[in-house]
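Letters A, B, C, D, E and F mark the chains as written, and numbering starts fresh at 1 in each.
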Amino acid sequence: MKLGLPKGSLQESTLKLFRKAGYHISVSGRSYYPVFDDPEIDSMLIRAQEMAGYVEKGILDCGLTGRDWVLEQGADVREVAELLYAKEGLNPVRWVVAVPVDSKIKTIRDLGGKRIATELVSFTKRYLRAKGIRADVEFSWGATEIKPPYLADAIVELTETGASLRANNLRIVETILESSTRFIANKKAWANRWKRQKIENIVMLLKGALAAEEKVGLKMNVPEKSLKLILGLLPAMHSPTISTLTDKGWFDLDVVIDEKTVRDIIPKLKKAGATGIVEYQLNKVIP
Amino acid sequence: MKLGLPKGSLQESTLKLFRKAGYHISVSGRSYYPVFDDPEIDSMLIRAQEMAGYVEKGILDCGLTGRDWVLEQGADVREVAELLYAKEGLNPVRWVVAVPVDSKIKTIRDLGGKRIATELVSFTKRYLRAKGIRADVEFSWGATEIKPPYLADAIVELTETGASLRANNLRIVETILESSTRFIANKKAWANRWKRQKIENIVMLLKGALAAEEKVGLKMNVPEKSLKLILGLLPAMHSPTISTLTDKGWFDLDVVIDEKTVRDIIPKLKKAGATGIVEYQLNKVIP
Amino acid sequence: MKLGLPKGSLQESTLKLFRKAGYHISVSGRSYYPVFDDPEIDSMLIRAQEMAGYVEKGILDCGLTGRDWVLEQGADVREVAELLYAKEGLNPVRWVVAVPVDSKIKTIRDLGGKRIATELVSFTKRYLRAKGIRADVEFSWGATEIKPPYLADAIVELTETGASLRANNLRIVETILESSTRFIANKKAWANRWKRQKIENIVMLLKGALAAEEKVGLKMNVPEKSLKLILGLLPAMHSPTISTLTDKGWFDLDVVIDEKTVRDIIPKLKKAGATGIVEYQLNKVIP
Amino acid sequence: MKLGLPKGSLQESTLKLFRKAGYHISVSGRSYYPVFDDPEIDSMLIRAQEMAGYVEKGILDCGLTGRDWVLEQGADVREVAELLYAKEGLNPVRWVVAVPVDSKIKTIRDLGGKRIATELVSFTKRYLRAKGIRADVEFSWGATEIKPPYLADAIVELTETGASLRANNLRIVETILESSTRFIANKKAWANRWKRQKIENIVMLLKGALAAEEKVGLKMNVPEKSLKLILGLLPAMHSPTISTLTDKGWFDLDVVIDEKTVRDIIPKLKKAGATGIVEYQLNKVIP
Amino acid sequence: MKLGLPKGSLQESTLKLFRKAGYHISVSGRSYYPVFDDPEIDSMLIRAQEMAGYVEKGILDCGLTGRDWVLEQGADVREVAELLYAKEGLNPVRWVVAVPVDSKIKTIRDLGGKRIATELVSFTKRYLRAKGIRADVEFSWGATEIKPPYLADAIVELTETGASLRANNLRIVETILESSTRFIANKKAWANRWKRQKIENIVMLLKGALAAEEKVGLKMNVPEKSLKLILGLLPAMHSPTISTLTDKGWFDLDVVIDEKTVRDIIPKLKKAGATGIVEYQLNKVIP
Amino acid sequence: MKLGLPKGSLQESTLKLFRKAGYHISVSGRSYYPVFDDPEIDSMLIRAQEMAGYVEKGILDCGLTGRDWVLEQGADVREVAELLYAKEGLNPVRWVVAVPVDSKIKTIRDLGGKRIATELVSFTKRYLRAKGIRADVEFSWGATEIKPPYLADAIVELTETGASLRANNLRIVETILESSTRFIANKKAWANRWKRQKIENIVMLLKGALAAEEKVGLKMNVPEKSLKLILGLLPAMHSPTISTLTDKGWFDLDVVIDEKTVRDIIPKLKKAGATGIVEYQLNKVIP
């Protein structure tokens, strides 16, 4: 099966995710062909911008890219799963219309007749056309945010926190697209029973690895009298595992919980009588 | 609650410790205000030398700094906990009087009338005064260890291993202060029920994270006949967890022990009949 | 006990392995004497090429080096264990005869009368002699792969993937030696009861640490009706640990399995009814 | 006057050239507006690909870019000067058609009906059309040289030495464009007396700085009898400067010559009787 | 002679200046004693803050430090020369009173009763006292600019461009001290004939090296008829050197001029008839 | 002509020297074939240790290497010139016999029957044999200085400053070889008129470039009355160049002098009446 991996800003976090999912991948120097230890997978590094097109044509069976570039290419592919990870954080990114802080453009209605610079030309054109706005949308080779006001009246640009826009004295007019990473598949490949099964298994493992980043395991010793109280405190994925201790009248509880809640729960567990509380890390969590 | 974090040599290890304790902290570039994902905590990076003063005045509710700087500032604060971690190792540091290897100064009695360079001016003055020694203690802006013999007769300087002193041909005359990191609180903040509870919970998690660095989890399969012998070998924090195996006559033991003892215990356990011995890492250990 | 560690390309991975095995080792700057926190071990960094000779002579009691250099030196030592790790991967390396792509040399028979450059002079000479081939084997100071065709007719060179050979337009004629890392001991030291025990314990821990790189722990919740089916899917080292859940009719299974198989087994377990599947990492695995 | 400087691979060498020409330029961090110490110049960093279009439209009065991108954009601008410098060397670069080493494509005639990937889409299309060849020319986002054979049949790509093409097993079919850096001006700006004078002065200094990279100063002592012979050897820009030495019968010659010829001329001068030959570096040379 | 060099931010530029002046200096690793190839100079790296005190006491004969720290220490030393260089630029630095942008403090009169944080405690106290203002001046260990408004009401801080103040939302109230680097000498050393001569020679070379950074040499060929016109254009330090060319009726002019004026003068010289204009760099310029 | 350049520690300084001599050399990545802009030179990077052998055999016509390796290989080559440059300084290096500080070996006479580790096996053997000393000289793969006392009784090792020996607690017993870089030629190549001329020209340029590192040019304005006094102060290579100034009664002197003497001469010149003293750098100086 031919799998496309996004070259560039998502590359490292994607390879890390696959590795956590259980694949051993070697990337030799500047090679564009990461080698998986699964002989059924032939992988290739391809720019996220070009991924969907190659998947649509069947040159690749499946791949990872952003929803933005799927839409930009207008590619007819099967979206198998949303995977919430990005270069740095885990949040979706946004494509916004931005203008200079002191521009007269207040809403996207005001874009009529203006010059707009963006890397996302096709989507932007379709979006504006659908709203009945006629503007001059030009392809930008990068550094888009420095173009207004001289080189463009407005831009359509990707932003995570808005910091780069503010640094260039730009104001957001409207968000026109939210995007996150997607696992996409060629439609014929998806129809093929073996390939579909293969893709679904990979996606299950990738999701398990992602989920594990937000979970931890927690074990503790609990005296019989506190057992009920403590069970009530624990928001386990499933009900917790209970083992006996050699010390009579004591139990061992083992649960998986949200890493974020640990710092609030531990003081409560301690107060409720738990001792020997131990937190450990997880590689994968599959519900 | 306003929390002071030590800027400088302790900064990275302090942030790492808080992260391990369960806080997600973002430090943007050169900002002095790390942002916690807990909205109840407002943190600020402050030089360890100045921390105790600001905590005493209530500008901060609590903070982390060395015992040395609490004493140097003569600050009236509540010492909540000792946290044994430092820039590199986990050991306390020492402030020592040091002189050139061939100096005639043999004991601190010989410091009378001499010039002493140090960053710890107030404490050194008080210490010598208490011993009835009159010397000229001057503030040093750094690089103190290269000052003797031309620029000073003796120095009072921080040392972990003594290596830097030896490299500058200095001999230690006396240790005048041992210091380690402390979690300190403003006395009014400590009297406030909510703040005190908050501080105690943070300290519990920090201690749990520190303790985990020296512990590991150990699991093994034990045949019934060896159970007693093996239980005798295990210095668990609490008594071990025992589960049954599907294989009749076998048990699974799960304990938390000192990482340092593992390499000695494993060969003994193996000899005593344990099989399938597995060691795993821990994030937090709270007794 | 005097222990030799391989300096150079294997150095970092060897120290890492010992650390994982439970030893705290400090290497100060460019020192050749890593300090273990075990006072019974005196270690020294020595080039892998020279290790076997020093162990044979008893200057070292034991050490780690490649089988290739044991053979090159023709050293009479006790091979205690094979440890499958290398600079990068976990695979054995190969010494091959290589010639320019367009050379007339097709088999090693054609080497008669030719100039061969290599770092492995003795072994190569013995190998050729045994086959009745007379060639001029010259020692090469490095950069061997660029020598043909002007400076040599053929080379005998180490290769992991063949990439460097291809980059220099060389073709592999024959593999003459496969090699991997070995823990070797001096024969007298091995006969000494205390030293042998010490060596065996170290090797047990090193193997445990190596094994852990290929194993993970897996826990899951299993409904009573699926228990048998799922037990059948699990290739545990020993039979799995079974605990009860607070939820009646459910069990918790805990096993150690090959990390490589996880990605295949998880989909099957899920299908068979397991939920709450959790994978966690291991530091050591001792069977 | 608005001046465009090429962002990217030419950026550093361009700024260095302007500095050598006598301008003090500060570039603060990631700013796109280098500040000149000449208040009459407003500069801006712009991708070379986009420069000519902005100069044509008069958004910039003048700028530096490659001839390739002037042609790609089909921009109607005044070409003021050719400046022979590039990212690394001083040679023009070439755009070539390249195909896999074992491709059946031998001449560009064979491109009919094939897929061609390139960053230089417009020029390539025009070039092929003019030759009567119909091919499918697709825009490539980069890493063009790894696309054949799967993602494209041929590429049109920039090359200085051909090394990157060879490394990807590609063969050059034909050079379709040679290019070097040009100083271009907007036609209206050029018609403006003040701007034209300003541009001509800048170009004079840039050329003086470039010329100095290929020239050196050479001084020597010459005895009267050899004077004529030596003057005959010196290919000075103008006739050489002659001064008297305190030593009667000796002269001092001072000339500016091509740095490349120095290594050939010095042995001849020496042979002809010159002594005390001294070579010194030049910052600017203006004929 | 004992010479103090400023350790820290000025260190590299000071060593570079001495090297350009003609001294070969070796600084081995972290040593505080740079070794000059002049056996009459014993140098030592000392913090600029402490320099003047040690020079005053005669522990050093002379040294380089800022005027600010001479005044802060109230040291009675001989100021031999001002040397206009700094960490980055060649301009003096300023110590300013700064407050939060929205502070009610408008002039230094408003500082009465306020808390002021600064590294320059003594000078600030004296300055305010002289103006009849009573404020609480506290020593700051660094990161002073982030203290207002919580940790201080105002600061007295060093600034070159004001950028760091603006980045922390601070407003400059008043400049209280301008400072630049000074070469200072102990008064007794200055009275010593040999030491004074030595110091004056060093200062002459340092100034010659500094001056050379702003000058270049310019040579050109001039026809007799233009000689007067061109001499009128040249603002030489002294009158220019004139040599004859082998070409009758032509002269060679050689002058030293400000590097900044070159870009304006070259076009004028060219227009006036000069040819073969050549600019070359200088190491030292001593008037 | 085939020219060998030393790969490794001398590589960068050798290429720099050739560049200063007037050759443009490009080294692409990890290539072993630096390309000269002189088509008559084919260069190759070869380990200094192996150079002399290849030159002797005529595989190379000439090359640069140390005298030590010429002697070690016992190569019959023509030594054309000594070039005093090294990795860092300009001084010759020494091969010394070194032993542990507390060794009983006091003179090389005491080496009889001892084990000596060295990279310079052949030369050492010959040297000892000539003195009638029988010792066991073993080849060392590097890190020789850490071998005594366990792995060797003494070593023969290269040293520049002795620092590395002291750091390993070794004492120098005797220097057995002083070495510096040599330009060597194959004897047949040397007999060839064209090759010999080529080599001599290259050597002249290399020497000119080396000499320039220790010389500077000095110009000054001198009033007629001081001329004689000042000429007496100047140790020019040849007598100085004198030109007239437009100012009557003044002369311009231009000389080349040792850079080391400049800092002493400038104050004297100034005192003697010279003004407008200017120092400038030189690329090559050929006497």
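The criterion applied here is as follows: contacts are C-beta pairs under 8 Å (C-beta built on N, C-alpha and C of every residue); 3 or more make two chains touch, one makes a residue touch a chain.
Computed from a predicted structure; not experimentally measured.
Novice: Are the interface residues of chain A and chain D largely the same numbers on each copy, more than half shared, or largely different?
Specialist: Both copies touch with mostly the same residues.
Novice: Look at interface B-C and say which pair in A-D, D-E or B-E is its repeat, using the rule that over half of the contact pairs are identical by residue number.
Specialist: Repeat of the B-C interface: D-E.
Novice: Compute the centre of every chain as the mean of its C-alpha atoms, then state which one is farthest from the centre of chain D.
Specialist: B
Novice: Among the chains here, which has the CA centroid at the largest distance from chain F's centroid?
Specialist: If we average the C-alpha coordinates per chain, A ends up farthest from chain F.
Novice: List the centre-to-centre spacing of chain A and chain C in whole Å, with centres computed as mean CA coordinates.
Specialist: Computed value for the inter-centroid distance: 37 Å.
Novice: Please tell me the distance, in whole Å, between the geometric centres of chain A and chain F computed from their C-alpha atoms.
Specialist: So the centre of chain A lies 59 Å away from the centre of chain F.
Novice: Can you compute the centre-to-centre distance for chain B and chain F, using the mean CA position of each chain? Integer Å is fine.
Specialist: Those two chain centres are 53 Å apart.
Novice: Where in chain E do residues touch two or more of the other chains?
Specialist: Each of 243, 280-281 in chain E touches at least two other chains.
Novice: Which two-chain combinations touch?
Specialist: Result of the pairwise touch check is A-B, A-C, A-D, B-C, B-E, C-F, D-E, D-F, E-F.
Novice: Give the list of chain A residues in touch with chain D in this complex.
Specialist: 7, 32, 47, 49-50, 54, 59, 141-143, 146, 150-151
Novice: Touching chain A in the complex: which residues of chain B?
Specialist: Touch list, chain B to chain A: 21-24, 37-38, 200-201, 204-205, 208, 212, 217, 231, 237-243, 254, 256, 280-287.
Novice: Which stretch or stretches of chain C touch chain A in the complex?
Specialist: My answer: residues 89, 161, 163, 216, 219, 221, 243-247, 250, 252, 259-260, 262-263, 266-267, 270, 275-281.
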